[in-house]
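Read from first to last, the chains carry the letters A, B and C; within each, the first residue is number 1.
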Amino acid sequence: MGTLAQQLINGISLGSVYALIAVGYSLVYSILLFSNFAHGGFLVIGGYICYYTLTVLGNNIWVAGGLSLLGAGIAAVLTERIAYKPIRERTNITLYLLIASLGMSIVIENIFVIVAGGRFRALPPVIPTNPVHLFGLTTTSAFDLLSLVVAFVFLTGLQLFIVKSKWGLAIRAAAFDLKTAGLMGINVNLLISIVFFVAGMLAAVGGIFLSVRYTLYPQLGGITIKAFVAAVVGGLGSLPGAVVGSLILGLAEMLTAGFISSQLRDLVVFSLLVITLLVKPTGLFGKKPTEKV
Amino acid sequence: MTSVALLELSDVSKLFGGVKAVDRLSFAIEKGETLGLIGPNGAGKTTVFNLITGLYPLDGGRITFKGEDISQMKPHEIIPKGIARTFQNLRLFPRASSVENVMTACRKESYSFLEALTHLGRWRHCEQRAMERAMELLKLVGIADRAHQAAGTLPYGHQRKLEIARALALEPELLLLDEPAAGMNPEEVDELNALIRRISQELGITIIVIEHHMELVMEICPRIVCMNFGAKIAEGSPDEIQSHPEVLAAYLGEEV
Amino acid sequence: MGYIGGIIILLCINSIAVMGVSLLTGFTGIFSLGHAAYMALGAYTAAILTVEHGVHWFLAILAGGLLAMVVAYLIGIPTLKLMGDYYAIASIGLVESIRLILENWQSVTRGARGYPGIEGFTTLPVAVAFFLVMAIVMVNLINSRYGRAFKACRDDYLAASLLGYNTARYRVLSLAVSGFYCGVAGALLAGFMSFIQPVMFDMMKSTELTSMVVFGGLGSLSGTLLASVIITLVTELFRPISQYRMLIYGGVLVAIMVLRPEGIMGSKELWNLRRKR
């Protein structure tokens, strides 16, 4: 009983971190209708900025966190401006964007391989990981609770932004039809930059927590494939879908690791992908893109 | 008069969200006819073509072709039965040459996968035959001089003609032309007029034409169906349509 | 002879794999990163058949290709219904899953430590012969009604379906053939290196192959082969700075998409360049 509760909390906590990443990725997809493979790069950038700030400037997590969010957001905007903007202005073949995003993801990952080396780095322990006893029922780590709370805060913030703010409205319009949104007077380039900045920021938060959980290394971005799967399961382009998909994934992973086998956890993730694609390819909440003939 | 229509739509409906794109539409076309389909923009004419060719599932009613119910079929099942179409916004393969575009539709000259891998057996004969037929069709529509030019670089009028040639390569019994005259100059419209007559009379193909170019429609279509807001509002000869009050109201507004 | 011969063998192997990728991505327009998985299937099949069951290498290579083809076909049927990005993600999932299976199914594959002791059956004549035959077959396939069908699916799948093409079927066929080519390449690789490890068949390998096709031109077989030669040679020459290799790949991919997405040859073939318009 105790273990089940533990794994459930682990699962939700992991899922909430995945959600941060999946939501940013799905947000970009909803506007530009392509899968940004470089998203994992933003995660890694966030992790490394946090690491270096903590080691160089001292152990203030707020400063480190803030800088890393800012840095990842800016990196995301730069990625868009350098690699995607010139392509999307010339053509609407998303294949080119896909390939360019693949290239950017390799570039970012390998910049860190060269600059930071392939070593696994542990973040200085500023985020508490001590055990916490819950209602006498089970023990979990403060880290899990913290990542859950932080993710919740950020996701709620995003939700408020999208629902209540002017730019949030613009984003919703653009997600419906980018071209029309532009014709309605929305500055499309600025909108896209904002979306990428937000996506980068969220990825950075996820990156920080994942660096603590798994240690930091340049290929950590590879974990975004799980966020991609979560986004697909929930429905590409749907933000609530991304959250739900991530939670399902996190739970599935942790329950498998806890009760069946640690080796199989990744296979379970991909099985979920396969099942989704077979049964309902548009995911739980996704919409089928209809083309005008 | 024979009673089995080539194509029949019975109470066909299609909804997009809450919008009735096609509203209980019924009409039929006999073999050999050239039928005009007119109506203001947004009346649902292209949607009708999309429904006939199986791009969208029906939300109500039935479509039969040569007596067979094709309402639930997919495009790749319907087309081989003898229906071909062109598109309002042109859907050529831009990187392929004119001749390649047409050859892509030459499905009858078929050979096996193994023959394709080895270039043995029927490959040479079928490829030659397909090439010949494609060139004939290009000549028919009048663009044989640009046979090897990439379709995306052709002048607009040529592209429209190329689409017709490609559709004809399917050897259809029913040809659906979606605004074939759009963007053409008067000279090209005359050529189109003659071409459609030839397709009907020499090739014996039944044709439905969606058009906004009224002169063309009135000249080549002995019978016309007029739609508005997804429903049929009139059906008859060009004279009848031209003086029909609802048709005039649809196009010119209520004041007649 | 030894060093240069080795390079030529490697070139032949890469070229066979890359022709498969060219068919899938360049000619049928399906962006996939699953190629490494199919190479892995071919490699391990050939390795296990020759080492543990005494099967003749020629049959083992064919078996490797066939297994990869069957797996590609089975996977393709449910997944290729989906367009673009969904499939791309699924293909990444595939590579990772197969690598995981290879690493963990120790009894069959000897796990992450790798599978040693494979007979060195990929000699120069073998590699060149396989390459020539498979190249001719690929050129034939593209210059046939199937080639036109693949290109139609790539350029406008809606228009293709309205010409009566069952686009799903052609996409799966393209994937199956591409799987066969990658499988054979993997089998030949096993016979060349005499040792294979799951980590040899990871995303990096898939990315290498994809970047060769992009570099050479999506829709040009000769461009793909040209790119394969250039990139293989450059990789060998710059082995000392191989840590920059991936960085350069990534940069090249981005640069090509931004500056010249049609790659070296665009959709033209070297052998058609002098045809009269």
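As a convention for this text, contacts are C-beta pairs under 8 Å (C-beta built on N, C-alpha and C of every residue); 3 or more make two chains touch, one makes a residue touch a chain.
A quick note: this is a predicted structure, and the numbers were derived from the prediction, not measured.
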Tell me which chain's centre, taken as the mean of its C-alpha atoms, is farthest from chain C.
B
Grab the C-alpha centre of each chain and report whichever is closest to the global C-alpha centre.
C
Dist(centroid_CA(chain A), centroid_CA(chain C)) in Å evaluates to 30
Centroid from C-alpha atoms only, then distance chain B to chain C, rounded to Å. What do you get?
40
CA centroids of chain A and chain B: separation to the nearest Å works out as 47
Touching two or more other chains - residue numbers and ranges from chain A
293
Of all residues in chain C, the ones touching two or more other chains:
158
Residues of chain B that touch two or more other chains sit at 55, 87
Within their complex, chain C touches chain A through residues 29, 31, 33, 78-79, 81-82, 84-86, 88-90, 92-94, 96-97, 100-101, 104, 158, 203, 207, 210-211, 214, 218, 243-244, 246-247, 249-255, 257-258, 261
What does chain B use to touch chain C in their complex?
53, 55, 74-76, 79-80, 84-85, 87, 91-96, 100, 103-107, 109-111, 113, 116-119, 123, 126-127, 130, 148-149, 166, 170
Spell out the part of chain C that touches chain B in their complex, as residue ranges.
137, 140-141, 143-146, 148-149, 151-152, 155-156, 158-167, 219, 267, 275-277
Over in the complex, which chain A residues touch chain C? Could you list them?
29, 34-35, 37, 82-83, 86-87, 91, 93-100, 102-111, 113-114, 222, 225, 228-229, 232, 236, 263, 266-267, 269-270, 273-274, 277-278, 281, 291, 293
